[in-house]
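To keep things simple, chains are lettered A, B, C, D and E as they appear, and every chain counts its residues starting from 1.
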Amino acid sequence: MLLKNKIPFRYMFGSIRKEAIMIALYVTFIAAIHFTFRLNVSIPISVPMILGTVISLLLAFRANQAYDRWWEARIIWGAIVNDSRSWARQVVSFIDNPYNDKEIAAFENILINRQVAWSFALGRALRQRKNERDLGKWMSKQDIEFISRYSNSAMGILELQARDLKYALDNGWINTFQHIQMDNTLNKFSDHMGKCERIKNTVFPSTYGLYLHLSMNLFIMLLPFALIAIFGWLMIPLVTLIASCFWLIEKMSIHLQDPFENKPTDTPITTIAETIERDLHQVINQHSLSHSAERVVEAKQFYVL
Amino acid sequence: MLLKNKIPFRYMFGSIRKEAIMIALYVTFIAAIHFTFRLNVSIPISVPMILGTVISLLLAFRANQAYDRWWEARIIWGAIVNDSRSWARQVVSFIDNPYNDKEIAAFENILINRQVAWSFALGRALRQRKNERDLGKWMSKQDIEFISRYSNSAMGILELQARDLKYALDNGWINTFQHIQMDNTLNKFSDHMGKCERIKNTVFPSTYGLYLHLSMNLFIMLLPFALIAIFGWLMIPLVTLIASCFWLIEKMSIHLQDPFENKPTDTPITTIAETIERDLHQVINQHSLSHSAERVVEAKQFYVL
Amino acid sequence: MLLKNKIPFRYMFGSIRKEAIMIALYVTFIAAIHFTFRLNVSIPISVPMILGTVISLLLAFRANQAYDRWWEARIIWGAIVNDSRSWARQVVSFIDNPYNDKEIAAFENILINRQVAWSFALGRALRQRKNERDLGKWMSKQDIEFISRYSNSAMGILELQARDLKYALDNGWINTFQHIQMDNTLNKFSDHMGKCERIKNTVFPSTYGLYLHLSMNLFIMLLPFALIAIFGWLMIPLVTLIASCFWLIEKMSIHLQDPFENKPTDTPITTIAETIERDLHQVINQHSLSHSAERVVEAKQFYVL
Amino acid sequence: MLLKNKIPFRYMFGSIRKEAIMIALYVTFIAAIHFTFRLNVSIPISVPMILGTVISLLLAFRANQAYDRWWEARIIWGAIVNDSRSWARQVVSFIDNPYNDKEIAAFENILINRQVAWSFALGRALRQRKNERDLGKWMSKQDIEFISRYSNSAMGILELQARDLKYALDNGWINTFQHIQMDNTLNKFSDHMGKCERIKNTVFPSTYGLYLHLSMNLFIMLLPFALIAIFGWLMIPLVTLIASCFWLIEKMSIHLQDPFENKPTDTPITTIAETIERDLHQVINQHSLSHSAERVVEAKQFYVL
Amino acid sequence: MLLKNKIPFRYMFGSIRKEAIMIALYVTFIAAIHFTFRLNVSIPISVPMILGTVISLLLAFRANQAYDRWWEARIIWGAIVNDSRSWARQVVSFIDNPYNDKEIAAFENILINRQVAWSFALGRALRQRKNERDLGKWMSKQDIEFISRYSNSAMGILELQARDLKYALDNGWINTFQHIQMDNTLNKFSDHMGKCERIKNTVFPSTYGLYLHLSMNLFIMLLPFALIAIFGWLMIPLVTLIASCFWLIEKMSIHLQDPFENKPTDTPITTIAETIERDLHQVINQHSLSHSAERVVEAKQFYVL
């Protein structure tokens, strides 16, 4: 999750600890050769810089693309929030219930609760956790049994919603235009789900990452030779620091490019799903409160204003 | 707000005053060591430049991404203006009022005024100010009581609009196609709201910012060693100036990337909401003026042209 | 306007004349000190280059963003052309006029002419010229009086269109689906108008521009010190030229980022509006020519092919 | 056209032949001065590199923007293919012809053939060739006469399609929803046409290109002075080669940025239009083949599967 | 295909083996001249770096554009998954089958199976394999015969779907609004198909690639002269390594920019088509299971919740 809290320092540097130790040993070894055996291994600093520019550029572009994937994941979940609210609004304002029929009222709640379930189901599927069990909070046993036959449970829930919309249409609770309008909203959920799966399942081009990793290490390997004549033993912390800078930004890209992997920099799926739950439940509560009664009063108000 | 007025100079440099003083002291200290103790700490200028290219690139990319967030925020509020005008036009031209019924006229005004209220409510929520109180200018007491039960008052207002649309549909003031068309406009408002919340709540990847900040400071720390042999004491103002350049642009990115934080570079939410108010009130005034009377005259004009 | 004609040379360089003279004097002054007082002020060329990379990057990114604003403005006006044509096609092919009624024919012309007026009104509003007067070419006096009550006259015209669509719907000239389809086109015009206003009213982040300007000037100030030892007096024209290069590209960005300011690089609003006028009048002419008569003949042709 | 064939080498280098000869003479002249008159004109290589970075960046950004324009043009023509196919499918599957009426069948063919004509008409207009003559292959004489009254013949064709849709609606061959759906497809064609015109008519900002050209030439002018001391006479081919590299990429940008100019790198408009012709004719053939007969058999098949 | 598996190392380096051997020989040759004949061919390292910056930039931009093409291909196939699911949902929930008619049930299966066939047909067409034979798994012989008359078999399948939709409309199994909604889904498939073809058939601008290749080779050719004085014989592996770095990233761009060419880095078309098959078959199974029976029970549940 990536909320307003700070990322723990230890988490950040923990990820490159092994590399940092390795490079420190490597640099110490070179310094030892240089000073103990008095073997001049120094090279001009412009040699590693041949690779420096292209590596910097590719690193920056890669960070950019990783950021784009992460931001796209965030945009999708933002859209899930918006469309969930629209869905709830459509359920409440499209479905006709003039005589305050209990069956229809229950039906409306089912449609809204199932959308909450869908958000949690999708979130857990993306984090590869089994999830049918927990969905009991928002769905009936029958529904859970139904979706357990799907390998993709979020898709099963959309299937259920579509069937119930059809049922409402057949009963005359919604008209055919409203049916199509709400089917459009279901299509949007289907799109969001597919987009999340695309980001989840498509690995960042390995050749890209691998090439960059190799060139960067070649660059870092050349660094101590370039700095030894200038800094002497001081070179050991300096090269370790500079190398850490490069590795850290590479690691950051790797983390950002997979935004659904249970890491601290992830898209805050659970928090977002809880927002959806809160917002949709307020719609349900408000709806059962104000049903039919309030409306009459308001109508009279129109004159007053 | 970011309008055509100039940003005050003091505001700009005030934000990095502390850092500027720190670096000046640090550089003075190094110069003192160099000249007082005659300790040669000079290094070639190409050493800090190893980091220079990658830092410049990341700084530029980051400025770009921050600008994109800021521009996206502006686009969303631009779309809110457009859709608010479209909403007003739809209210006026869709709702049937052939006998100039007072109830319907009042109803139209309510729908339009509530949209003004929504813009202000959203703007204040984004700036984290309580706002139910002030909305009395555009909404009835009853409505304000209604939305006070929502944790998200802008969402509550959309809820009210949806209910009233349903009421109009049930009374035959609009037909089912117009209902769906106007529901689409409400969906757009829901989307705009969600997008604003996404930008507001999603922090820019902390690892990105933190890494860049650390590398940049390492780069700045190395600068005085590189410049001391060339400039001597003159180095003190020069390094301070160069470091300020880098910090200023980092600060600028940090400000731009959070466009809803009550700072001078913010999206001008209030100004935009006032434009909406002005435009929508002109529609209401014009509407009440020209109601039914004017139309007859115009119809006759068609022959003349 | 930015058409196929060349930008006059004088215009281009005229914009940085003052800066060019200033820098020439400054460089001459430094050269004078260097050679007259034999004071060695020379520094290595790598010193200004610390700022060189980051300035180049930001300058390029800024040029890119300015280009994007300019191109977006052009895209919006391109879309206005497309939608104006679609509007005319919808007016001609949606509105039912089986008995070739003169009132309906006049009504169609009014709807199309008003769209032409809208393009000109929007164009002039963006260039901040008063425009109600000139619109008499395409609109009746009554309409002009109507829109003069709006602070935004383009919005007033859309209002008029919406009212007349309603009038056509009430008279049975179009059906309810066609009404909604044409209302969608009006929404698009509303969007285009709002997008133009957004670009017009949103200043490019001042901190961005200001910072870049300051760093660039610091960079240019350091240049003569770096070049004096190499070029001697020849440095004066060289530094002036290099500085002019940087300033020119900065000026270009400033011009491109505000595409509605009456400058030679502007979006060619008037030319585009004239294209709309030409295209829409051809539709009107063709329509009045071929009305009802031609159709019968064509129907018979179907067999022949 | 830009198809899988290789670009001829001669074409590529032919475009910068003149510049290459000029620079070779210029470099020879400088070498002559240097060696004949023993006048040392050598400067350090870091002097031209002050401009090197910013020129490289702007060149790369410009190549990027030119590529974007070219790719946008390609996307538009890809969308024209898709929408043409959708149009044909709508014509065949929307229009009701239960009794296999010959007039309706001919009418369907006209609508599809006219779309083929539209693709060719648009393609030729973009390449500024007169085109009414050749359209006789797909349109009747009457239609060609009709569109000859338009300055924009592709727009005239869309006008014809809209009129015939109206005719079909009036005759009850399509219903009002199908009318609006097909009108949407016409709107898309109108959009594609307008987008092509936008790219065709909007010149790439001249100031951008001009500035870059001037700075690049200043950079190239400085190169021989920087290389003469290192390479001697060998510098002549080397500078010519490096300068050619820079000019070639500039030329490439200039070609890519205008994708409708009859050059080998153009969007393959004619090839695409021929694909549309082939695909749409297959729809017509299939349609006349299978009309009404095949359907009965298939219906029975449903049980078997 | 580009799934979570690692790319084999041999594959990666196999692609530049020939170039690596060539450059090794070339560098050895230059070293031989230098040391055997004692001919000083050394040049300063800043000479190749004139080209270094612009090559790095263009290489990075090109990698970026290649990545964009590859990602766009992935987005299109992601959208195909989403829309296939939506299609299945629409088939199941739109088509009316109150008396559980066997013909209608079979009809629904045909529509869904054909969409599976379409995915495989499109995938194979993009990889230029003949494919009518294998489609027998999801389509009747009659259908296969039908599409064999099309040069584009995926387009033929969409044609079949459109005809069957029309058949369902004529029989009253779907209403006119549902017909248009499902026709929209077919339009989307048409768009996806066309977009894939666009990426497949549009070669990356050859001039771009060729220019970059030539400049890069010029840069690499200059490298050994710059490094020989520093590294001596050690230069041979070093230059080979650095050159390999540049060639590898160029190769990577070339592979990414053509995402439908049967290479290990391709878009995983077959895997995606199999996902579609799995998901759509679950819909069919579930549908035949729960048909009409389950619904009654669920309806009663509404009270309980």
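In this section, a contact is a pair of C-beta atoms (placed from the backbone, for glycine too) under 8 Å apart; a residue touches a chain by one contact, two chains touch by 3 or more.
Molecules present, by chain and UniProt name: A, B, C, D, E = Bestrophin.
Remember, it's a predicted structure, so these values are computed and weren't measured experimentally.
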- Message: Strictly by the touch rule at the top, which chains does chain D (Bestrophin) share as contacts with chain E (Bestrophin)?
- Response: none
- Note on the structure: Rounded to the nearest Å, the gap separating the Cα centres of chain A (Bestrophin) and chain B (Bestrophin) is 23
- Query: Using the average of all C-alpha atoms in each chain as its centre, how far is it in Å between chain A (Bestrophin) and chain D (Bestrophin)?
  - Reply: 37
- Message: If a residue has to touch 2 or more other chains to count, which residues of chain C (Bestrophin) qualify?
- Response: 46, 49, 53, 57, 177
- Query: Touch graph across the chains, line, ring, star, complete or other?
  - Reply: ring
- Task: Quick one: what's the order of chains around the ring if we set off from chain A (Bestrophin) and go to chain E (Bestrophin) first?
- Result: A, E, D, C, B
- Message: Quick check: in the complex, which residue numbers of chain D (Bestrophin) touch chain E (Bestrophin)?
- Response: 2-4, 6-7, 12, 45-46, 48-49, 52-53, 55-57, 59-60, 63-64, 67, 70, 74-75, 78-79, 81-82, 85-86, 89-90, 92-94, 98, 175, 177-178, 181, 223, 227, 230-231, 241-242, 245-246, 248-249, 252, 255-256, 265, 278-279, 282-283, 285-286, 290, 294-295, 297-299, 301-305
- State the interface residues of chain A (Bestrophin) toward chain E (Bestrophin) in the complex, per the touch definition above. 43-44, 46-47, 49-51, 53-54, 57-58, 61, 65, 102-103, 106-107, 109-110, 140, 142, 146, 149-152, 155-156, 158-159, 162-163, 165-167, 170, 176-177, 180, 183, 186-187, 190-191, 193-195, 197-198, 201-203, 205-208, 210-211, 214-215, 218
